[in-house]
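Note that subunit A is present in both complexes that follow, paired respectively with subunit B and with subunit C.
Up next, the complex of A and B:
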């Protein structure tokens, strides 16, 4: 009797799991997503260093292996989603801690912070997608690529908030200026080479100019959003 | 599923269980004169693609009845024939103790097969013990512990499935994270006596978080054969245990 009940329960559980898997696979291709998480410790360390100090890096091209881009383990320039995800979660927890230090903490505020940041990221990715579509840019940038590049700003946000907590308001503005300029340089250099796919050499020059404006616009947007999402934490 | 030339030969093999029953049916219908059913080893027709998970021929022996994975004695109607309660529930105190020792010695090598049987009884005990020590300190926060552990397990499950070559089941993730909660119980029982908000408390908290996440990542790495990713797995574990530590400190 007990075994029959257990078998029934486990069959219902597996049926539910199959249903969830099917729905998930309709929206998100797990294999493509796995490419962005194929990272190792050396890559993450070097990429974080690059995000803070990108000025000495020479070669920004994403390397290909017979038309398939190399995974992040083997190519420093490939975007990944591990760093943005971890940085986002760390930012939310750090915001909770900063508000706790200012005695303004409650669990609802944590959810508010998280959803605000998430909404801004979604808006930015949608705006970039719209811009790429309107400019009829042929590029290899999928939604996940754009998500990765717009998620790199959370690293800068964390550094700014940490310096603000440790060294006060002046430290916050110095760190904000440094990380904003580093991030702008990083985004401009990466997207300029990534927006051009390996076979097309740019097409008409007006299209190239539109791509450049798009990249510069995306880069200029970063400091604004970093400031907007962090200044209330370092009062 | 069968090629047009020879209906007996399977082209693509995906699911070994369904495939094995399918092949069993096909094999049973073969009219081989001298086919020996008692042949052991892999049943692979010569021009079939090699399946990803080769299966042995044991299931095709009609003399051997199919037994379930965990053989259980036949439950007679009499009361004395029933197995003891703990064995029926699958709680094995000896295994729980062994796994606890593995967590408590973070520098000892661990083999990957330790977490093959996902048992949630040990983690349940540890969660309840953690809530009990928090209760002793005056914080009635079972709900937070439960919610955070559920969200954390779900997040770790998604992350590990994306990062590793082989997948991982949710029970395995929950089991490992639950076992590595043990040092956190030490921290919260320490918080009953002394307040943790001084410098010593911060150092102790950081040390215990490091210990928990180090042993959790060590078990995950060896169980999933992920190379050079230990720190990457340890960081989200550290975030999760950091939230638990926040509960016990503040």
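Up next, the complex of A and C:
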């Protein structure tokens, strides 16, 4: 009797698992997502260094292997989703710690901080998608690429908050200025090669101007949101 | 500004409602944003304005029925939970 029940239960479980997989595959293409998480330690270290100091990097092109972009393990310029995800979680924990130091912590604040940051990221990705659609930019940038580039600002936020906690308010502003300018340079260089190079010959100059405005707008938005999401943590 | 996920959903619902109530004949034609006024030929890339008009028209066509359902659910939830 017990073995029959166990066999029935395991068949139900496998059936449920197949159903979940099928539904998930309908919404999120898992293979494309796996591309963004194919990272290794050397890539993460070099990418973090690039985010903090991008001024000496020469070649910003994403390399291809017969029309398929190389995964982040083999190409430093490829965007990934591992760093943004880890940076987001670290930011939420750091916010909780900073609020605890100021004796303003409660468990609801943690969830509020996380959902605020998530909502701002959703708004930014939607605005970028709308801008790319209106400007008819035909490029390789999918939603996950935009998500990755929006997520890199969390690294800057973590550095600013850490410096602010260690060195006070002046340290916070210095770190904010440094990470903002580095991030703006990084975003402008990466998006220019990713969004404009397949289409840089065609189209009248007004299209290219709109694409340039889009890139500059995306870059200028970063320092604002970094300041907005972190200044209440460093008083 | 402390956002919750629920406020994002509310804001999105209100924005989509705002796009859906733009009447084609009474309003959009009068300001030159009607969809039969903007087709600029089959030449080069469509400009921003025609892309925007296409976006408005497609949002209105696609979201008409789901908006009815989502609005009803929102009304019931707001009545029940304030």
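Here, the second predicted complex is superposed on the first by the 229 of 235 C-alpha atoms of A that agree within 3 Å, B and C clash if a C-alpha of one lies under 4 Å from a C-alpha of the other, contacts with A are read in each partner's own complex, and residues count from 1 in each chain.
In this text, a residue touches a chain if its C-beta (ideal position, glycine included) is under 8 Å from a C-beta of that chain, and two chains touch if they have at least 3 such contacts.
Keep in mind it's a predicted model, so treat the numbers as computed, not measured.
On the shared subunit subunit A, the superposed partners subunit B and subunit C are arranged side by side without overlap. When both complexes are overlaid on chain A, the residue A:227 reaches neither subunit B nor subunit C. When the shared chain is aligned, subunit B comes close enough to touch A:34, but subunit C does not. Of the two partner chains placed by superposition, only subunit C is touched by A:136; subunit B is not. With both structures placed on the common chain, the touch criterion links A:60 to neither subunit B nor subunit C.
In the superposed model, the angle subtended at the C-alpha centre of subunit A by the C-alpha centres of subunit B and subunit C comes to 110 degrees, rounded to the nearest 10. More residues of subunit A are in touch with B than with the other of subunit B and subunit C. With both structures placed on the common chain, the touch criterion links A:210 to subunit C but leaves subunit B unconnected. When both complexes are overlaid on chain A, the residue A:118 reaches subunit C alone and has no touch with subunit B.
Distance between subunit B and subunit C in the overlay is 19 Å (nearest C-alpha pair, rounded to whole angstrom). Put simply, subunit B touches subunit A in their complex at residues 68, 72, 75, 88, 155, 159, 162-163, 227-232, 235-236, 239, 242-243, 246, 250.
The touching residues of subunit A, counted against subunit C in their complex, run 112, 115-116, 118-120, 122-123, 133-136, 203-204, 207, 210. Within the complex, the subunit A residues that touch subunit B are 1-3, 30, 33-34, 37-42, 44, 82, 85-86, 89-90, 93, 97, 100. Contact residues of subunit C toward subunit A in the complex are 1-5, 7-8, 44-46, 48, 51-52, 55.
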